[in-house]
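One chain, subunit A, appears in both complexes that follow, with subunit B as partner in the first and subunit C in the second.
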Partner chain A sequence: MAYIAGLDIGSALSKAVIMRNGTLISSSIRPTEGNFVRAAEHVLADALQKAQLAQTDIERIGACGLGVAFIAHPFTKITEISCQSRGTHSVLPTVRTLIEIGNQSSRVIKVTPKGKVADCLVSDKCAAGSGRILQIIARVLGVSIEDLGPLSAKSTHPAKFTTGCAVFLETEAISRVAEGTAKEDIIAGLHRTLAAKIAAMAHRMGVEEDCAMTGGGAVDSGLVKIMEAEIGKKILAPQEPFITAAIGAALIVAEK
Partner chain B sequence: MFFAGLDIGSTITKVVIKNEKKICATVIKPTGAEHRRLAHKVMEDALSKAGVPFEDVDYIIATGYGRINVPFADRQVTEITCHMRGVNWLFPAVKTIIDIGGQDSKGIKVENGKLVNFIMNDKCAAGTGRFLEIIAGVLGVKLEEIGELSLKSTRPSDISNMCTVFAEQEALLRLSEGTPVEDILAGIHKANASRIHSMVKKIKIEPEVAITGGGAKNRGLCKALEEKVGFPVVVPPEPLITGALGAALIAGEQIAKIDKEELQERQKKRRLEAVTFFDDESTKAR
Partner chain C sequence: MEKKEFKTKKSAKTLQTAREAGYFGKKMLTSALEAQKEGRPIGWSMVTWWEGDLIAKAMGMELVYPENYGAFCAAVRRAEPYLEIADAEGYPNTLCGYARNCIGYTKTLADNNLEVPADAPGGGLAKPVLLISSGAACDARYKWFQALGRYLNGVPVWTLEMPQTGLKEFYLPGNKEKNLAFILEELKEFVGFLEKLLGNKMDYDRLEEMLAQTLKTLRLAYEVDVLRKTVPSPMVSQDFWSVMIPHLYLPEDPEAYEFYQKVYDEVKTKVDNHIGAIPNERYRMMFSELPPWHSIGFFDDIAEKFGIAMVIESWNYHAIKPMPAEELEGVTDPLEVIARLSYHKFTEDNDTARRYDASPGFFNARYLQWAEDYRADGFLAHPLMSCRPATYTLLHTKNSLEEKLKVPGVVIDGDIIDLRVFNPDEAFSKMEAFVETMDHYRELRRKAEMAW
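For the complex of A and B:
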């Protein structure tokens, strides 16, 4: 049986997986850094190297993401939503509601028992509901994204924000810092603002259990916890929340 | 008799001193973090420019988001009312005012000198001066120059994002693709104008239309808005002061309503000084 590659070239991160017979052989995640061509080339080469394979060993490539058009090899294009749905289903088969928080967008996907997309809501018009806010505030506070969760958990008085706009939130966060508000409280306040926005989207679609979260947002344990409180359901997170769409791309193309 | 209007904006503070006939002095200064409580400094500037001692000012009205921080004001009036009055004095035929501030934008409808409707966005940076400020920053062009530069464009680039954060990234991407800065700026001004237009049209845009606020100083933005609106717009000679001017006009009217004794009593109590503390209301963000 031949090897299949799945690529997800996102606005912030590029991900690649190599699979065989539905089993993950290797994976790689690299920052896109505004150069889709180079990112796609490097992330695939990296995954191949980890699997000790050559480009010629790959029979098919399935791909999705914002930068999908920049992949230099022949590939089959699949929508991100189908890939997310299928990939998450393969690692967490019980999931019916999938919340993906990416760099430029957030999505709520209703997944069928077979891993297909039943319904989907997307927020990609504005940074207010996306993972970008987490990066902006992490930079203002001088902490890394991974630290946001543990810090948020320590908050006793979450800060209140009057806006969802990423630009104004940044200004407000700076004002709060100047007033002496603790980092923990600013982060927890931010998590609440973001979670409220995404939860509203999830409620609009209807939340069916089990729920899962993928994308960069899933790495932020603070956001996951507050999202759980907002939607009133337990949220599962795959072990590797970044590569679910790449896995889905490989699985879907293998069947074609 | 002298009247004063102070407009403490999020970005810029403006003062107008007026007598019954004309404007005696205007001062425009950045608000700054600390200057929010230093309105008296700007007032002092305006007084010395007009050659009027503080004691001779009969009535003072403060407006703008920082209006609460002017301890020597006799009254606070919302900036919507003040803008409307200022524009109506300058251009009596104007029915629709589009005000583009540093952190918000507004649409105001006027009929026979009365405020009939308004709409406002202060929740999202798109469509405000902040949007242009951020884009100017990433492109390395001065905010004052982006408008003129955008007018040189022959092929405005297509900026599909309304969101400031995404548009910033889109502008950078265009730059890396080799698109000339003036074409990117023309696209950015179009995107900002279209955001403002789609808000203001909810209250029906009727001629004449005036543009005020910092955004009105940007010729590129005015042109992009004019194209969206579909007919020519008017811009005051100094578009920043309409709020402060309106405040001074309202101050002039107030005097007629108060008897002389009360006026003198007020003047005695008035002190030209800094705010020493902020109450809860004034420390709220923006």
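For the complex of A and C:
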């Protein structure tokens, strides 16, 4: 049975998986660092190395993501929405509502029992509605992305933000720091703002259980908790929430 | 590296007649420029759904349509400089793209001593003696032509109203008669105003002649719409957005009627021979509302890639269903015929709206009826930041179609004129995913034993 590669070349992270007969053999994640060509080449090479395979062992490549056009090998381009849907379904088959919080946008996808897209909403072109805002505020506060969840959990008085724009959110966060607001409360306030935006999309589409979250937002426990409260449902997270789209790309291209 | 799969471009169109329809746009512009040379009066008119145009034309006025000119400028990628001028004049980018294009153009006209600039797209809009505005369908239209007063010294604006009562109110006893009486009264005032402005009397014989021709052309255009219900679709939106020009702007022109006979024949031949507009029709979609004029080629791309035929579209550009015979029984005053014709445009879907408990009839219920008639698999909603009327009903319509008829919708943001807010890659990606959604809903309709 041939090996299939799935690539998801995102604006912040590039992800690659190697699959065989629907089973994950290896995966790799690396920062894109503004160079899609290099990121795509390296992330695939890394996944191949982990699987102890050579490029010639790969029969087909399915790919998605902002930097997809920069992949040097022949590949089939597939929309990220379909990839997320199919990939998440393969690891969490009961999921019917998928919330993906990526660096460029957030998406709410209604998934059919076969893993196809029943409906989908994508956030506006707005950093305040995507994972990008988490990075911006983490930098302002001098904390790592991984710390956002645990810090948010310690909040007792989440800060209120009056704007829905990332540029002004950053300014407001700086003002809160200057006023002496605790980091924990700023982060929890940010999580509420982001969760409210995405939950509004989810409610617009109608939330069906089970729900799951993927993308960078899924590793932020603070955001997941507040999102659960906003939509009133338990949210599942795949073990590897960054690679679901890459898995989906591999599965879809294998069917073609 | 993978070759880029598509780029934004003009549509190739599938009908030969659609490729020839550009003649009518050029005819309007050149006729006005010729009239200017001959010293005949020129008017700039909004689309009034025949409420004002025929009267002005019967009085000897040559009309051009700034909304159509905006679409033309966008299609030939010449709108951006006018948008930038409007921006610089202080008009917000949330204002109607047609209005901003027109304001930008009019500023260049004023800066050139009201002589049409030599580099104006399509020859430009000749200087008007009157601006005919309309309150129908859109709020920005009330103020847009007034704003042109800054640039066109002393050119009067005449605004025609169109009563648009709610669905329940429409069915109140006497409501329709009162509305028609209101329209008729304002049309009489409009005639009086024109007679004073132009210094000649209305030629009612000519008006009746134009009106008769208009009704013939509209009926033929409607019959083409009916042919489009066929599977596979013999004609797609890319064709319609070209062939609509004659019936929307020049229905009184015998050439428009002749043209529609050719359109009808071409479409009928395709129907009779089971020839689809696109060779691989797999999905039938409806489009709402105003299209991205700068990127009509996008629809060719999704047709080629996914087999999507846009089978019906843009409610407000379509000819009306022929009025019932009793509607015109005993009506001899051509002004009253015009009043009934225009009013019919905005009320013809009210029975459908009542059946589906949907409102408003024109922007919403029409698509519910069309979904059944045209066996639609999906609905493409195109919200425009710069057009509230063509946007505010979209999500409501999308939800109604999903709930009542199991026809899903996809939302693709853009603008009629401003290509800076349209992202073809993102739009294409959404359509790719939406194909799966249409498959899913097709299965739901099958399980629900629906007709398509």
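The criterion applied here is as follows: the second predicted complex is superposed on the first by the 255 of 256 C-alpha atoms of A that agree within 3 Å, B and C clash if a C-alpha of one lies under 4 Å from a C-alpha of the other, contacts with A are read in each partner's own complex, and residues count from 1 in each chain.
Keep in mind that, in the parts below, a contact is a pair of C-beta atoms (placed from the backbone, for glycine too) under 8 Å apart; a residue touches a chain by one contact, two chains touch by 3 or more.
Remember, predicted model here, so these are calculated numbers, not experimental data.
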Fit or clash between subunit C and subunit B when superposed on subunit A: clash
First (subunit B), second (subunit C), both or neither touched by A:Ser175: first
Touching partner for A:Thr79 - first (subunit B), second (subunit C), both, neither: second
First (subunit B), second (subunit C), both or neither touched by A:Arg132: first
Subunit B versus subunit C as contact partner of A:Ala118, first or second or both or neither: second
Contacts of A:Thr162 with subunit B and subunit C, given as first, second, both or neither: first
Which of subunit B and subunit C A:Asn21 touches, first, second, both or neither: neither
Subunit B/subunit C common contact set on subunit A: 125
For the subunit C and subunit A complex, residues of the former touching the latter: 1-2, 4-5, 395, 402, 408, 411, 413, 423, 426, 429-430, 432-434, 436-437, 439-441
Parts of subunit A lying in touch with subunit C, wherever the complex brings them together: 68-72, 74-75, 77-82, 85, 112, 116-122, 124-125, 204
Complex contacts: residues of subunit B adjacent to subunit A: 33, 103, 123-126, 130-131, 134, 161-166, 169, 172-173, 176, 283-286
Complex interface listing, subunit A residues touching subunit B: 11, 34, 104, 125-128, 132, 136, 161-168, 171-172, 175, 178-179
